[in-house]
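Take a look at the structures listed below.
After this come two complexes, each holding chain A, first together with chain B and then together with chain C.
So, the complex of A and B:
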């Protein structure tokens, strides 16, 4: 036993790195080969996001803000994919914007993978539009409150916002019945709540998908200012399973892998979390053994 | 003068933004200053680029430790800037086919899109993924049940770690309905929605009061430390 404790105390951190690599790679390989994912039960916050989109009448405009960059795409891109999937399937008109410089590329990627690939009948400028990035953080939000077209004067492709058919009649951000932000930090969901939702006097309905780090910070706003929330990859997986279940064709045909990304990533998350729990327990065993040894030496 | 002008800009812009939130007739002022802020924020990117070049060039010229990394940073920065501004490999916009520079800088097939896809995405994703390894190492060495507070923290960590995965369902999914609140996945939600919300709201209120006090000091010209190189007088 003492040999085991001594080994734990001297454990090189590279062994921990190796264990983490195996804990993550094992489920990735298994899910990759078998295609099996773990079942998900939705929590109220994820269900609320799904319900908020389902409640919109066909043809409603949804403002989707990509407030993240490739660094957090592992966590946020699967939920963005599912959000666009649900909106497209419900024939909602999507207006994409970005307050992070690298957001527009992520928007282009989602449009290509979801809208162009699976909803070819949707037309750019009529059913969806990418208005690109605008610098200024909260200031852009403030301008959108009074004049949306001033905040985003042209689309990513250079078309003047006033000439985009789907934006006819849009003057303020309040003209969008639903605001969706996929947020990785600053500026993100918190600023949208503080500067747009609160300023609108509750007229704007907002849902968000955010990173694990942001989730605890945003819970105080749910469900009053924030109608629904997808917290990290877990929230994304819950929401993804809800969307996939509602859009299943009924002929038992397999769901395309791109719509299973979040659920697939719950496998590596399970492995990593179990390893973390095991490491904490082992670390504490070593700690208490060491403490007892010191006490014995003293006495 | 160097301090007086910025101070008055801050006071006027601050009060304009403040009033625009409370009085609809003054919304125009808030909007105008919002636009000005957007322009200033865009200029800040140029300043940021200048600062990046200045710091890294100084490191290279002094041959400081790690100057090679500075050289790589500057090379990548210059290459991306050249590719983006020059719209290298960008096909022309369909509406203006005669104009070679009319396409988007990040259009499919362009050099900028290539750098993004095969350079930036893998690099930033790798950086983010490395966190898992360092967090695991830190968990092994730092999470110790030394006292009651640490035990509470550890218990909460276990519940959330297990409750946010399928392990929670396997371990406690068999609990009868009357005890469903004790299932790890439900406990995890309860911790986030009740304990976390209570703690976070207290912090948010504290921060809001602090921000209000600091903002008032700036708006009234009492606090001038934000201009740098000086005290509050």
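So, the complex of A and C:
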């Protein structure tokens, strides 16, 4: 036992890195080859996001803000894909904006992967539009409260916002029955709550998908100021599972792999978390054994 | 083994493994593109005070869209001489560069090395340059120059930029003035003048943030804390159910107790002894659980990012796995499916 404890105390941290690499890579290879994913049960926060979208009447406008970049796409792109999938399947009109400079490229990618590929009947400008990036962070949000077209005067392709058919009648952000932000940091979900939801006196319904780092900061806002929340890749997997279950065709045909991305990433999560738990237990064993040893030496 | 020798061994092993992988099946790390020719008829634009006008014209361009390898194989099988779907050398180079930088960053976990330092320097340099370009083309050109020299901007740079309202023109002259003053920081004698711009920035930011924080964090969060300690939960039939009522009430009690105890912990005007001390102790437990949850979520986030990079290496670069069905079944995948199924 003392030899084992001594080995733990002297353990080179690079062995832990190697163990983590195996814990993450192993499930990725297994899931990548077999296509098997772990079952998911939705939590109230993820269910609330799904319900908020389901509650919208057909043809409603949804404002979707892509407040992230490729640096966090591993966590956030799967939830963005599922979100657009549900909105498109529910015949909702999607207005994409971005407060992060690389957001519009992420929007274009999602439009190609989901709308162009699976909903070719949807027309740009009529069913969806990408209004691109606007610099100014909170200032853009404040302007949107009073004059939406001033905040986003033209689309990504250069069409004046006033000439886009699906934006007819939109003057303020309040004209959207649902606001969705996929958020990786600043500006993101917290700023949307502070500058838009709170300033509107609770008239604006907002849901968010956010990174793991942001999730604990945003939980206090749920459910009063934030109607629903997808916290990290776990929230994405729960939501993805809900959307796939509701949109599954009756003929038992498999779900396209692009709609299983978050569930696939829960495999490496399981491996990494089991390793982390094991390491914490081992670390504590070593700590208490060392303390006991010192106490024995003193006495 | 000396550090340089161990690096030579590691790189040799990686190169050998990649070489073996390249020789199996369809190889690895290739990106294909589809050539799409687009023709658009542009209507004539009448001459206005902001625009010189332009005649009707036909605009043509060719777009290269990334496609899955399966599409290339299908196109080749139909017509081996086709040139619509082709291998893209620049994108393939980009993919290999991405793989190199990913491995270079990971290599730091073993030991600091020139590959890691190169990747780090490239990331910082590219990020700084990208932000500068974004700042220039998304802020300075459309907002500042678009406000104070709109005619020049639409004639030379952004033809679709809407005309600014008068208040924007005034605001932009004001912003230009403040921006110029801010640059006085570079002067040893006139640096104090830049304080005016800084004072304006701090004042506006504080003004915006105070109002929003009071509304969303102080008032709304205080309201959210006022919870009934007993929260009866009615079922579908309208009858109050014991189980959900107990859980909902317990959740509310935990929130109220937690808020009071955490506030007590940060209240230093009274010595933390007796009831106050015990409440502060409970507050510490709440804080520790909160930090633990935050740590757990951070780990989850980081593992998700790591998983995305490993997926990139295995799927896009090495072609070892194919979860999205982008290629025909590869040798490694076939061997894997034999092992796992």
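Definition applied: the second predicted complex is superposed on the first by the 299 of 299 C-alpha atoms of A that agree within 3 Å, B and C clash if a C-alpha of one lies under 4 Å from a C-alpha of the other, contacts with A are read in each partner's own complex, and residues count from 1 in each chain.
The working rule: a contact is a pair of C-beta atoms (placed from the backbone, for glycine too) under 8 Å apart; a residue touches a chain by one contact, two chains touch by 3 or more.
Note that the structure is predicted; figures quoted are calculated from it, not measured.
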- Overlay done on chain A, so just call it for chain B and chain C: clash or fit. clash
- Query: Taking the superposition as given, does A:160 touch the first partner, chain B, the second, chain C, both, or neither?
  - Reply: second
- Task: Based on the superposed arrangement, let me know which partner A:137 touches: chain B (first), chain C (second), both, or neither?
- Result: first
- Message: Taking the superposition on A as described, I'd like to know which of chain B and chain C A:280 touches: first, second, both or neither.
- Response: first
- Message: Per the contact definition in the header, classify A:199: touching chain B only (first), chain C only (second), both, or neither.
- Response: both
- Query: Is A:4 in contact with chain B, with chain C, with both, or with neither (first, second, both, neither)?
  - Reply: neither
- Query: When the two structures are overlaid on chain A, which partner does A:265 contact: first (chain B), second (chain C), both, or neither?
  - Reply: second
- Query: Looking at the overlay, what does A:28 touch: chain B (first), chain C (second), both, or neither?
  - Reply: second
- Item | Partner chain(s) touched by A:186 [first = chain B, second = chain C, both, neither] | neither
- Message: Just to be sure I follow: which residues of chain A are touched by chain B in one complex and then by chain C in the other one?
- Response: 17, 20-21, 24, 71-74, 134-135, 142, 158, 199, 215-216, 220, 231-232, 234, 269, 272-273, 276
- Message: Under the definition above, what is the set of chain A residues touching chain C in their complex?
- Response: 14, 17, 20-21, 24-25, 28-35, 71-75, 101, 133-135, 138, 142, 153-154, 158-160, 193-195, 197-199, 211-213, 215-216, 220-221, 224-225, 231-234, 257-258, 260, 264-265, 268-269, 272-273, 276
- Message: Under the definition above, what is the set of chain C residues touching chain A in their complex?
- Response: 109-110, 130-131, 134-135, 138-139, 143, 160-162, 208, 212-213, 215-217, 220-221, 223-224, 290, 293-294, 297-311, 314-315, 320-325, 333, 336-337, 340-341
- Task: In the complex, go through chain B and note every residue touching chain A.
- Result: 17, 20-21, 27-28, 30-31, 33-35, 37-38, 41-42, 44-45, 93, 95, 102, 104, 106, 113, 116, 120-121, 124-125, 127-129, 132-133, 135-137, 139-141, 143-146, 154, 157-158, 161-162, 164-167, 169, 185, 189, 192-193, 196-197, 200-201, 204
- Query: Of all residues in chain A, which touch chain B in the complex?
  - Reply: 11, 13, 16-17, 19-21, 24, 38-39, 41, 43-44, 69-74, 102, 104-105, 108, 134-137, 139-140, 142-143, 146-147, 150-151, 156-158, 199, 215-217, 219-220, 222, 231-232, 234, 266, 269-270, 272-277, 279-280, 282-284, 287-288
